[in-house]
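This report concerns only the one structure given below.
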Amino acid sequence: MATQVAVQGRAEQRGRAGASLWRDAWGRLRKNRLAILGLVLVFLLLFAGIFGPIIAPWPYQVQDLKAVFAGGGGPLPPGSPDHLLGTDQLGRDLLSRLLDGARISVSVAFVVQLVILLIGVPIGALAGWFGGRLDNLLMRFTDVIYAFPDLLFIILLSVAFRETFFGKALDGLLLVFVAIGITSWVTVARLVRGQMLSLKETEFVEAARAIGVTDRKIVTKHLLPNGIGPVIVAVTLGIPGAILAEATLAYIGVGVQPPRASWGSLIAEGQKYIRSEPHLVVFPAIAIALALIGFTFLGDGLRDALDPKLKGKQ
Amino acid sequence: MLSYLSRRILWIIPVLFTVSIITFALMHAVPGGPWDSEKRLPASVQARLNAEYGLDKPVHEQYISWLGGFVQGDLGPSYRFRDRRVNDIVADGLPTTIQLGVMAFILAVLVGIPLGIFAALGHNRWPDYVSTSLSIVGIATPSFVLAILLIVIFSVQLGWFPTGGWKTPDAWVLPTVALAGFPIAVIARYTRASMLEVTRKDYIRTAHSKGLRNQSVVSRHMIRNALIPVVTILGPTLAFLVTGSFIIERIFSIPGVGRFYLDSITTRDYSLLMAMTMLYAFSVAFLNVVVDVLYAYIDPRIRYS
Amino acid sequence: MPQKRLLALVGALAIVASACGGTTASAPPSSGAPGESVAPSTEPSTGLAADQVVRIALPGEPPTLDPSPAQDANSLAVLRALHRPLVYINEKLEVVPALAESWDISSDATEFTFHLRDAKYSNGDPIVAEDLVYSWKRLADPRTAAPYSYVIAEVEGAEELLGMAGADPAPSDADVEAALDKLGVSATDEKTFVVKLATPATYFLSAMTLWVFVPLQEKWVTSADAFEAANYVSSGPFMLDTWDHNSQIVLKPNPNWYGDIKPTLTEITMPIYAEPAAAQAAYEADEVDIIMPVDSPDVPRVQADPVMGAEFVSDPQLSITYYNFNNGNDPTGKKKLARCEDAKACPTANKNFRIALTQAVDKQAFIDATLAGLGQPANEFIMPGLPGYDETVNPYPYDLEAAKAAMDKAVAELGFASAADIPPLKFGFNTGGGHEPRVAFLAEAWRQAFGLQTDQIGSEFGVFLTQRTAGEYDIARNGWGADYPHANNQTSGLFTCGGGNNDQQWCNEEFDSLIKQAAVEQDQAKQAELYKQSQKILADDAASLFLAFPERPALVKPYVQGLTKTPMDSTSPGEHFYETMQIAEH
């Protein structure tokens, strides 16, 4: 009895040691200038995404045709007091549409990664924990997903289900996000599996098993929290890919329903005017670039901060 | 090793089979058909065409007949280009697409890896910032924007290269650069990251403490070990090149097969769509095996049973 | 604008004056000797260049170069140079002799006897009447499954053949052959081709200018790889020299061309540019001489450019931009659509509602904002330049007050409290066609006028077509370009009950009877009057939202001369008469 309590106590200490891992990581993160820049950019994106409609000077679909005709027809260039960043050919304010696009990018960031986590983590965990034939089966399943032409799948899926309720949710974006998520979870699954494989042979797991902690508790209370670091990094670094995927899909014509506009569809529309009114492409491209920079630097910083080999060395 | 290799290659077959079934089912689940046009075809003509191409049969029967043809190497007739067979269409365009992809890949490796090494060696000083900024631009600029910019500047304004086509070698330059933009940036970043990781590793510190000159430390240990994780992203990079080529081929009017990747969906050219899917799936699966083997070859710590 | 009206009037008069082969037993052909009826619109100002090569951008790979099943604009752009039918159009849209040097029409207008001129194919074989019998039978043959097979419907025996196409079980070859033998086409001798119609059809001569009626040699068409460049046999001014699939097509003059105007060009190169921006860049880099159309976003920049501004041309077309209102009927046009049983579910089935929507749209502003100002407002369907066009028809001009009054009536009839209470209308369009600005313009106009909400549903093309045909949209984007220059092509099938292209499922018995009458009315003036009446009915009922007759802007290098332009050009100005094109010294 006494030994059990003692062992359990030490196991809990390990858990607490896990908590201080996070505090160490935060300390390291704070010192990384690029990572802080990334964090700031991500916060700006979140802010724009949440408060965009409130701070936007125009509703995103209103067409200021009077201004367009007064300017001689065609999109307005940036600089006028009513339209700081200019308008498109129908007189819709670019700044307001960029802010609306921020909401979509924020959704991309979260919904896609959520889908990836919901599918990838359980599959990876199961494969890694049980190993053997289940592992083999699941890994071959990921091979199929990996080999599948993702663009094709996303387009087919979007087109096939466009008319359903699911397809119309969030102006058609939910379908796109889920489709992107379904084709992108392989990396996270493999990562979680790898973590599971290496962690399950460690001593404290053997000890926990020895005192009779159930498999499920081992996985959920010990392995996942300790192995979650690389997964967070992968998720953060996966967001740029998802944002870019949405932009490419917008170019093809799959994705957000008008009159809403994502940054990707703004670029796709604007690139027709690249010779005469480049501001229609430049501003959304800058917005995408800032978002990508933000998530990339933040992800790099998190990876550096959570690397256990660096503990105490920096 | 050999048994591992043969097992992996054999696994490609069930993977392709599964992909083909999913694609075929999805393809027929999508509304619309190959005969759709703004000026509608008379219903009788559509019915006749459906009968001729076997579209009036149940989906699983159609799949079986497609599969029967596929294993014999016959990809079927094109639904859109009524006088041509898919085998001919693919044979016409595949060499061009492969050439474009290989050239872009070589460019990406030749520019990306040195760029990443350059950044890592100049860590936190100007080489790092410059290289990282270039990488960000490369990643953040969609390929179609990059392509149009290249055409406007180097073709229309300066007249150095043709705006499109694939006839003369000077037509190869701009599309290759446009396609390689994203992979260069990604490879540069991964190379930099893995080089930095390697510098922190114990054996480098050991080599340093042994007094080895910096140069030999760099060249012998760092670069070779840093390349290991880079090999892992070569797989996805090659996959990107295959799909990314369709936008580039469209904008530069290059007669490859990449453009059919998307066009066949829009025109509901079922047999061409299946051919493109199988092509893509096979390339990715095969390249995956190649990458894994390469990985094992380079990293002596990994052993496959 | 007054210039366009004058042109339309002149064109209308010319067409009315030209077709004089109506009531007599034997009539001379319409105008002048063969070949002289074509007058190029520009003469070269300087001497001719040594290199007579023109490069014309083609927007896509032709799906086929087989004339019988061809329908795609890219196929037609090439086919017009490779084959010519018995009769052809000229730049004034008159029907003039081509392969046929003269013809006789029976007094009841059901029998046409064509006298062929001496002519040879590019392979040296003579063009004989049997080849026409073969190609016409091939068009009607259900086994060819030609999209344009319906244009032969009026010929004796054609109905039976067309009906065989969708039959289940499929008819045997013997049955088809037997039916083909009964088709009303025959060759009384090598140079005489006779067509018997089941019912008189006054537009038939105009329809015969279509590419599906050209002569074809059976031995050529049935040979292997017939339509590849190496084996291609043409009867027109040019031959197919090279076809690099998905890359380019090269045409060279046909040495056996029988027309009086022989090509000056020694080569026509047609590189394929799938992306309009690529074609534009190629033109600016001097890699291509003609591009059509110029993408809307580029038009203002091009017009303002010092060099390209002078090379920019924009001409009226026989085409119309119009948007469907869902009239609440099923595809036969006679029964109510299931989902429209409840009138509230389909507000556009209410006439006052449609009138309100029409009057809330400033069509000129629409053209200026979304078509780069190129085009004129449309208030009915038949295009200017065709008999039947009535410019006085405009029952519902732009008037916000009247629109609100009509909307109030509609809202009361439907049982809503106000327009804002109507559930969002489903507004469908296809993505990738540049339609977003037009749809957005209209949606915003209605929102501002009535507070009406719309759901702008952009779908992929195939999905969009399926939904539109099924009547799933309340308003859907649409467009039409004339196949042949006659009002019948612009009415029958588009607005007749259960018509194949009647996507708004509008049905009006009076309209149908007017069209049937016009089809057999031989007096040109009376015929035009009947079509005008039909348009009045169409406009009064606000059957569709007629928006604009758009122009098709193009860029042509200044050294390309001798263009014979028609309002039916779609890939290049002068595409119906490449034989008159010349390259001036430059």
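Details
All chains are identified by letter, namely A, B and C, in their written order; residue positions are counted from 1 within each chain.
Just so we're on the same page, a residue touches a chain if its C-beta (ideal position, glycine included) is under 8 Å from a C-beta of that chain, and two chains touch if they have at least 3 such contacts.
None of these values were measured; they are calculated from a predicted model.
The chain with its C-alpha centre at the largest distance from the centre of chain B is C. In terms of C-beta pairs in contact, B-C outnumbers the other of B-C and A-B.
If you average the Cα atoms of chain A and of chain C, the two centres end up 49 Å apart. Chain B and chain C have Cα centroids separated by 41 Å.
For the pair chain A and chain B, the distance between C-alpha centroids works out to 23 Å. Among the residues of chain A, those in touch with two or more other chains are 155, 159, 163, 252, 271, 275. Those residues of chain B in touch with two or more other chains are numbered 30-31, 148, 152. For chain C, the set of residues that touch two or more other chains comprises 277, 432, 460, 462-463, 467.
Chain A meets chain B in the complex at residues 140, 143-144, 146-153, 155-157, 159-160, 163, 240, 244, 247-248, 251-252, 264, 267-268, 271, 274-275, 281, 285, 288-289, 292-293, 296, 300, 309-310.
The part of chain B that touches chain A in the complex is made up of residues 11, 14-16, 18-19, 22-23, 26-27, 29-31, 136-137, 139-142, 144-145, 148-149, 152, 189, 193, 200, 243, 247, 261-262, 265, 273, 276-277, 280-282, 284-285, 288.
Interface of chain C with chain B (complex): residues 61, 63-66, 69, 71, 142-143, 145-147, 149-150, 162-168, 170, 226-227, 244-247, 271-275, 277-278, 281-282, 284-285, 287, 432, 460-463, 465-467, 469, 478-480, 483, 500-501. Taken together, the chain C residues at the contact with chain A in this complex read 277, 295, 297-298, 300-301, 365, 368-370, 372-373, 431-432, 436-437, 439-441, 443-444, 456-460, 462-463, 467, 472.
Residues 61-63, 65, 68-69, 73-74, 89-90, 92, 155, 159, 162-163, 252-254, 257-259, 269, 271-273, 275-276 of chain A are the ones touching chain C in the complex.
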